[in-house]
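Common to both upcoming complexes is chain A, partnered first by chain B, then by chain C.
Our next item is the complex of A and B:
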């Protein structure tokens, strides 16, 4: 099996379809259980743990890529990497996301990102890097499961991929080494930004689902936040 | 027949006087404005006068000595700030103003210092700048903000002239912001730029209204409350965590407590009877850096003697109860095992041994500064 850089992304399409068919978590009976609150907190804690883990992983990986990728003020234009799920969102749109959409966007993003990370893992040169990446992938899988749990507890269906919207990467002309590294750089950057965003997403969910008092919630609505 | 002659004479005289007056008091041209560099030499020509014409130079109305002249030109060497002023030259022995120069002595700008900060995340951020050394002449600043390839508007601050504000349109961006500033004046030009990610510049303002109160019947407790900074727009979705530090005024070492929730905390290991200084800092839970320390609050824990204690000030008489300085007073009902077990004070145990002796020796001294 001769894996050239261009082909390996194509292989991911196969892997990603496998990932989508994660057995659905049965919806919990909401009455009589503590509600989704504890699992939202758990999901939030997971994002913090992952963000911390990613910091050291990204540092190691970028050093492996070498300059300019490991320079602190490296600021390339965002070319390529178009299929990467982007965390960036209009401020007002983000504020007004309903819970289901907020959770769905997180779930879909991490599914895609996990897929790409697994591709990264197979290309990584050193055993140590592969170990770190594999460990991170496992933790990320845990986060996905946690988000799925919250969605199930709230009665939201897990997003199923429509045919044709799977994260494929057209295996066109083989990526140059430099362009491949750029893709890796953007993957790590997007992953880090998503983890920051998720922390804020789950903060918002925590407050909305477990308001300390109805009066307080109403007070917040009035401020238009 | 004789009458028209003196009348004409008066008219001519009056006209002549008017001409002289206008030429003396209103210059033929507006003063020429000139900027020169501090420390340099400058030669000011007297307008269009001949090089060897006999002229007098004045600065701000005062005559200048002729040894500064080179022909009709004024030579100033080693310009100092004091040389700034209005220079005027007159043909010698004449009222006729020939030429005026408004001289400003200054410096070209050095590289400006630029920094940006978001204390209103996620609403936006501001950038402020200054010159490391003054130029003494007017400067014009121009700020540009780029987000990737998109240019953003930096709105001038209504009150501060070296600050402008940018509003975030998108959150959670992986693309860095680049803020450039250029400064120019009549003598030169300079510029600088900084690049940063959205998350790295987040730094809230310090917590507000930090108040510390003694707790009645608890000689080792202080209750501290504060408020989230009013500039932080959305503490619900973007919660802050807090860092509290406190020490008795008489010690240098701070105690620290990090709090992930709430805007109140009770200190339970305060030295009885000692005035404390307390400060709080804030940080977004996940991103950015800690704020500066808040304005300090002062408080002294409750003491058993009935005194007219205000909530925040320490009166000197309380230090005469020296036996209670570092241990719970024996007459107090010690009913909270947590207090005894809570480390019993700061992390510097050496403090406990020595002052007991000092305390006994200084029992008669009213001043608290004698203790340690």
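Our next item is the complex of A and C:
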């Protein structure tokens, strides 16, 4: 996993994607109800943007934690991070997921991750780091709302949190500072993996939802652009 | 003395504080008498891992009552979680006797302390879990691991470090002098490979708390004391381990304390008005340390007054103003010392100190009218200086006063159509003398013949001259300047119709300081002073007239001005001022700031052209066009392709005359002709003796009569041996040579330099140089000589004539220049004609009108036209000269 800051690929990809689809939106509108296509596209774009934003944040935060957490080959056991939602999944299982389940898993994962992420803010000793974390939390909250919008457009209900399953990952005396740092490390790592997976999810969903006619229109409009 | 029975400690109980690494012991003493206190000594032994491994032994003395629980603590360097500890105690009554005479009780049983539960086989732990130390401290870290784990690697800040094996499952690491690395602490962790079982700790290292610096308190209003300090480094750490240090103010007189909300300032409310003495202690504190500083002061010695208020300027006059202000009242016993400064033009011109309780006043005098000032005031404690207040400044301007000085006035007078035109000039008053804005100038003219005829004129305050047309030139003129407060003393000038005597103008030189102007003194009885006047800009109608007033006893002055420019002639007029204020011209001077080369040549015309002479005429420079005094004109005649060069002869003709060069030319030509004629035979013998004609030889007469009459044979034996060369030149050579010479015969080149002197002088045309002798050298160097081409008369017969010397000139030019300089002109006039005349003069029809046309003059100037350079007179051995001869001869064969 590469959590280094300064990689502008994500931002570039995000901008390219946005530019590519700017002329497509009116084209889709011409056919009447656009359906969930634009929402999925926006969710995908937001995911790529958050990927880029996380690279910068993670670099700063891991440097704040100090070595070995900011070393590229550091790979500690998950320990307390076992409660974090795992993004990695078997490829066949991932392919076999239906749209509802795919979206539900995304929604649940980011709900938990957002909650954990807010816990990081309490550890940050510098005001600048706290600002960066708060900004990212706001963006992640936006992604969560965007996924909820897609699910609503497709007619899927939002998952209800089960009683007793609320994340309770608050620092306490029993939890050592070092393990806390390891949890923070895993939180950022898992978050990055989830964003990567979500991009795949929404891309797959986008291709599936968009009708072929819209694709032709998109092509023509893009050519004109 | 009875020996007391030993009292054995019973039921020792041990607890521990992991964060502090303290072992806390509690025990009681058995068999202690009721209501009796005993002074006892306890001997304590502590073992680690096993009881036989005693790591610490020490005494603890205390007074013990019946049934009392005794507490004692021990701090372990090694985290208690890493090893089992054992403790036992024995006691002895401290009766003042030596220990060997007293008896110890029995040891209590070993009490065991397990700070950590029994380890799982795959467990790995690092301790202490949460440790806060100060920078530079020594820290012991330990790692314990289960029986299944073998290869343990431990890292501090990512760097592998090696520890000491305390037991088979205990590793210890001694870190000494730990540094501050970051607020999130130093990371220490151990990992077992290959299982990747990991545990670690964060060691929080705090910066050392610094003592607050520059601690100081002061009051501005006797209601609040403001205490400030420099806090030093922030010792706060992340993960809520340690917040930034806190500050507390403690006042020991009133015994009050206050927690400060800010890290560098704290306000203390003054509640007891009678309290004058304050003793403050500032305490800085964090989890590890306290630092404090103390100040002790009298409140009246720490007064930093607020800036004065209600500052105003009152009764502002031309030379005086009054400043008034107020200060915050601090009681009848406390007064302030206020410093008042008056600034004018950016400088402090007055300064004074005034003692004030409530309000103050300061009078500024000797001010300059119509001037802007700024009054500033600040205050400090009068009894004990602590700090000045801020300045409070007010600007003000004094009112105007009447101008104090008479104007400096001058005039020029001229009569026109019976009227007298007076141009009146005055210099603006300086700010010091104007004492306000000049609104207008008043001019009063009074006819001297009719004293009651007075006329008043007015000019704007911006004007500095006025033109008056008077009916006659006998007037007295009064000039005054007025501002809002009044008018200046009158300046009187008188004019008269008397034009005065004629004064001759003299030239003056500028010195380093300026123009030095001197004059002969007039009778001091009638003279009240002198005026020297001059114009700066001659092209202006009013010429920017300048003048300088000089006292009656002075007869010279130096006029200097930045307005003087090189190449401009400045005229200076010196006037004597009579007691009747009438000016009379007494001297005229003229001079240049620096003379320059004439910027243009005169317009020259050529008149009266004859075969021997011509007349050059030109007009003189006007005075204004002269960039220096014209001392004369320089005329030179040059060959057309040459430039004037230094060393050539010059004809200097006085200015304003025509140049007459006719007479010397005629005289010279006649003289040469006479000499030539008189000495023709001698010249012929010397220069070109008659060449014997082989056809007329006596030897040939025999052969001619017997054989072919056209056959001519020269017998060498019949001739006196001499230089003889025979050249057999084919016909083709002729054409080639002609082709080579063609460019020299270009008609355009000829017509451009046709000169009217062709009968005498066939060389290049005249070059005429005009020189200002002051700048002779530079002018010549700069090539300023004017080439005056004379209109040509392009007669066909002249072309042939002029072609030949031009050819020769071009051919010989390279060889002749140097001999011309070396050989005196007088020697170079004789032999030339004989050399070239022999073949040329064969065509007498063409050359009869111009016998000297063939004389080349490549280096001639206006006199050389009458002299023949020796280099041309002597035979030239060069190939070029031979070719020239061929051209002239137009022969296939040529004999030398």
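Methods note: the second predicted complex is superposed on the first by the 174 of 225 C-alpha atoms of A that agree within 3 Å, B and C clash if a C-alpha of one lies under 4 Å from a C-alpha of the other, contacts with A are read in each partner's own complex, and residues count from 1 in each chain.
To be clear about the criterion, contacts are C-beta pairs under 8 Å (C-beta built on N, C-alpha and C of every residue); 3 or more make two chains touch, one makes a residue touch a chain.
What you are looking at is a predicted structure, and each value in this text was computed from that prediction instead of being measured.
Novice: Put the two structures on top of each other at chain A: do chain B and chain C fit, or clash?
Specialist: Result for chain B and chain C: fit.
Novice: State whether A:77 touches chain B only (first), chain C only (second), both chains, or neither.
Specialist: both
Novice: State whether A:91 touches chain B only (first), chain C only (second), both chains, or neither.
Specialist: A:91: touches chain B, not chain C.
Novice: Looking at chain B versus chain C in the superposed three-chain picture, what is their shortest Cα distance in Å?
Specialist: Between chain B and chain C, the shortest C-alpha distance works out to 7 Å.
Novice: Following superposition on chain A, which residues of chain A contact chain B and also contact chain C?
Specialist: Common interface on chain A, chain B vs chain C: 75, 77.
Novice: With touch defined as at the start, can you tell me which chain A residues reach chain C in the complex?
Specialist: 64-69, 71, 75-77, 79, 122-126, 171, 173, 176-182
Novice: Tell me, which parts of chain B touch chain A in their complex?
Specialist: Per the stated touch rule, the residues are 122, 148-149, 168-176, 178, 195, 199, 233-234, 236-239, 285-287.
Novice: Would you tell me which residues of chain A are touching chain B in their complex?
Specialist: These residues of chain A touch chain B: 48, 51, 73, 75, 77-78, 86-91, 94-95, 186, 189-190, 193-194, 196-197, 199-200, 203-204, 207, 220, 225.
Novice: Would you mind writing out the residues of chain C in touch with chain A in their complex?
Specialist: Residues 126, 129-130, 155, 157-159, 181-189, 191, 196-202, 204, 236-241.
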